[in-house]
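Heads up, there are several structures right after this.
Below, subunit A partners subunit B and then partners subunit C, in two separate complexes.
The block that comes next holds the complex of A and B.
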């Protein structure tokens, strides 16, 4: 029963990704007279005839010279081969290559943020729930209230100002040579860690508080469940109840929210990378945006949607491991 | 008969922002070995709070509990530490709750939840515990216990789940079983099966039973002694036969009248007029007087004491009913 659910879930994710791929292709073409228009260079002082030729060449170069249906097929076969098209940048680099260069640097930030956010958040949440109403709990409540009003980039600016400029504990700007000098040596890894400290911290503060508040509420909700009273009536020791009964049930809503919060993380990271001058996908996206580099922008969007779908799939599969009820279709 | 439980003057209040909820107001309870005692009353009268207080399961805060004596098997456990109570719970006193669906951990197999009892109280290995669990499931009539033990609660029927709770409660052969409305969530035929099972297990193993229910109709063949509770106080205590033959308290009379009898040709369903007083706005005098057609000024002004009328019969009323009937009975 579980197996069939997993297979169904995977197929569903592939289906959703198929829709995203299709939308990614068609949306820029809806209601536009000439879909290649964005791809033409400016006319400048070319004569109309000359410009017509340039347009012709551009259409050919970016594959607009065939029927829309054929374009769609070409786009799909390209995707299968990992080909996301060519960028407008000089030298016409492949979009895939540009992305592959930046992706690991982005993942360094997102994965560390996620891990730190989860581990510290759950820990603080459990503590707050155990010390309900005492200073640990009220501190968390106040922090959450402040966080709601505080945009992520504002935290980044504060951290960058104090920890970066004032006290110079961590670099406020990423070392521009960090990427080119990276050689897996211990010192190179250390440099990355130092440079990643502020961007990761800026993003993690929000996640930690978010997960802590979620965990705290979930733990308290589970503590009021009937089966916890049963566990007490059985004479189980406090730690057995806490770890075997309360905590595992409390993790369910956290896992559910994980998939969604990952997509939020991706969005927030664009700004953070910019503030700290971090050469990741976020910066790449803004560069593409500034240069009207449509193929690159679309490639990044597609990849990010893919990541989001994957994240939701993985969290759903973790959920199945934790909650046996899912297989009967009543995920709470 | 040896006394298993002696509870004296239990008081439990819940302070809240709007006032104080006096859930239990000075309840005495005696349970002897092998005896089955029913605690009966309408919803909200304090049955669950009373029964959970016996195991000291009522958390304070929010609750504030005062009690003169909780004597269990001759030991006063009133001042037992949390650790000492953990050793007693499940092993010497165990509890069966109303809704097996919510009373079982949804993400743990039923077997594991019973295993925990043996691992905790008998110090056996996981493997041995499972063998005991399978025996216990067999005893409460669960077919194919070995594979049922691997099921999660949601995979079993309501009746089977309740049997799992029963197996769990009987696991360590406790001296006292507290069953808090153990069958309310089940349909009638299964209700009877589970209750009969509970009664026969209790009798066979000479255990004592505290059966909490709002349904007097199940009490007649399940209990030896009945305590009727109203708004946090015991209003009548009697052996079950005597209570059914000659209920003394007007509230008990009302409760009995609202039990549908098989002999009733027309389906008259008499109800006690009025409603249970709000726990924060209890009336003066006898709490039942606003609903009582026999109430006098005395009832309105002073709370009647719980008076012993004859051996084993106590009633909290100035004008007890059916006194003659008992004499003839």
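The block that comes next holds the complex of A and C.
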């Protein structure tokens, strides 16, 4: 029963990824007859013949001189080999190389944000649920009421203003030499941690409060369920009820929302990286956007969508593992 | 039954709608949070409409170089910018227009598109249902902000294009929620009765099912307007909004680029930020009050809906979706049991 669900779920994810791949190929080709025009938009001071020559060169350079279907097939076979295309940047670097250079730096931010958000959020949420109605709970409620309406980039600006410029606790801009000087030595890791502090903090504030409120509400909802009453009536120990029954069941909505929140996290990170000048995929994406570098933009989009699909798939599978109704049914 | 002439029917319909809208305001007003939300929204609308009369200075005026970087004072209520000497209070007032127009227009359009597609998916079912739901699944995995950036690059940066893009990407969560509600309504007695009486599919969808989702629609309009105001501010902040207009996001971007952080011009950062906060906060309050009216159970502690109440706006739709997924897993497992 569980196995067939898992297989079905994986096949469906692959199907969704296939559609995303196709969209990625066609979006830059909307509205133009020739993808070369995207690379080199027509400019006023250029004669038609000159423009035609430039387009001709571009077409040959990037393989736009065959039919669209042939281009699509080339794109798909390229993807199978892990080749996301050639960037429009000078020197025509491979998109894959550009992304691989930046990927670890982006992951540093998102993974630490996610971990801090989850750990602190669940902790605060459980505390608030246990101290229901007391100051811990009301503080959380008020904080989350305000937090939902504050955009992440405004929080980032405020933190950068006070912690970065006024009190100079953390660097407000990422050290431009951080990436080139990184050599796994202790001092290099310390530099990264210092530079990452503000970006991570500004993203984590929102997710800590979001997860805390979610956990708190889920725990309270579960506490009022009938099976908790049954467990109490059976005379189970307080701790057994708390950890084995209440907490386990209240993790379910958190886990399911996790996969979805990955996509929001990735989107928000584009802005945060820009504010702190962090050398990640977000800034790479904005650079690509400014240069009309479509292969690079679409490559990043494909990768981010792939991450999200994977995250949703994994959380769905964890959900099946966590849900006692499903696992217990399987054992029988 | 005797059919009334068209004019009279229209008049009755209009009266009914106006009464409905009045009732809606009354119900929202009866909650404390609703009062806050409605008041702030009313003030914002007033400010947006009469911006030229309220603003003490021309927000586009960069001519006077002596006014650079003044802190808040009696003449310049919120100070001036460091690099151009524009009056920030006036800019803030003009910025209300962009936020409200983009937010509310997209919010309403999302409600229209989302409800049509959701009702169709839920009621017609079959191929239509799976097509719409597959589109939703695909759109959910593509990160929104990067996709919006790509689309503005392809289609341009006018505000109406940005609104269309927001609507094209924003309907998915709502239509999924509406669909699950329609699946419940579909089996209700009055729909069955209408089917037996020989009413057409479209008649049932428009007259019987759509009204049943109206509370959800108003709630989603308020919440998605709030969400889109944040998204628009983010887009303008990245310098990718309409370059000709003054918006709060663009003000923040100017503040960052113009050295507000470096020179300690806190008023330049806080003014647009508080503007965004107030607009988003008030719309969200209205949405949340609608949610409470819709699910009175939510007030009591033992409801699952309590989980959604104060979650981050970004997660509200997603939690609804995960609820849907939850149901789907249940359905899937039972199906496989029957098969094996």
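In the analysis below, the second predicted complex is superposed on the first by the 311 of 332 C-alpha atoms of A that agree within 3 Å, B and C clash if a C-alpha of one lies under 4 Å from a C-alpha of the other, contacts with A are read in each partner's own complex, and residues count from 1 in each chain.
Rule of thumb we're sticking to: contacts are C-beta pairs under 8 Å (C-beta built on N, C-alpha and C of every residue); 3 or more make two chains touch, one makes a residue touch a chain.
Model, not experiment: these values are computed from the prediction.
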Do subunit B and subunit C fit side by side on subunit A in the superposed arrangement, or is it a clash? fit
Touching partner for A:147 - first (subunit B), second (subunit C), both, neither: second
Contacts of A:249 with subunit B and subunit C, given as first, second, both or neither: first
Here's one for you: vertex at subunit A, rays to subunit B and subunit C, all C-alpha centres; what's the angle to the nearest 10 degrees? 70
Would you check which partner chain A:166 touches, where first means subunit B only, second means subunit C only, and both and neither mean what they say? second
For A:158, using the defined touch cut-off, is the partner it touches subunit B, subunit C, both, or neither? Pick first, second, both or neither. second
Which holds for A:308: it touches subunit B only (first), subunit C only (second), both, or neither? second
If we overlay the two complexes on their shared chain A, which of subunit B and subunit C does A:236 touch? Say first, second, both or neither. first
Is A:298 contacted by the first partner subunit B, the second partner subunit C, both or neither? second
For A:275, decide between first (touching subunit B), second (touching subunit C), both and neither. second
The chain contacting more residues of subunit A, comparing subunit B with subunit C, is C
In the overlaid three-chain picture, find the nearest pair of C-alpha atoms across subunit B and subunit C and give that distance in Å. 9
Once the two structures are fitted together, what part of subunit A is touched by subunit B and by subunit C alike? 225, 323
Show me the residue ranges of subunit A that touch subunit C in the complex, using the header's touch definition. 1, 4-5, 8, 16, 19-20, 23, 27-28, 30-31, 141, 144-151, 153-154, 157-158, 160-161, 164-166, 172, 206-207, 209-210, 213-214, 217-218, 220-221, 224-225, 253, 256-257, 260-261, 263-264, 266-268, 270-271, 274-275, 285-286, 289, 292, 297-298, 300-301, 304-305, 308-309, 312, 316, 319-320, 323, 326, 329
State the interface residues of subunit B toward subunit A in the complex, per the touch definition above. 52, 55, 57, 82, 85-91, 94-95, 97, 99, 102-108, 116-117, 120-121, 152, 154-155, 165, 168
Inside the complex, what are the residues of subunit C that reach subunit A? 134, 137-138, 140-147, 149-151, 153-155, 226, 230, 233-234, 237-238, 240, 252, 255-256, 260-262, 264, 266, 269, 273, 276-277, 280-281, 284, 301-304, 306-315, 318-319, 321-322, 325-326, 329, 332-333, 336-337, 340
Along subunit A, where are the residues that touch subunit B in the complex? 225-227, 229-238, 240, 244-245, 248-249, 252, 322-325, 328
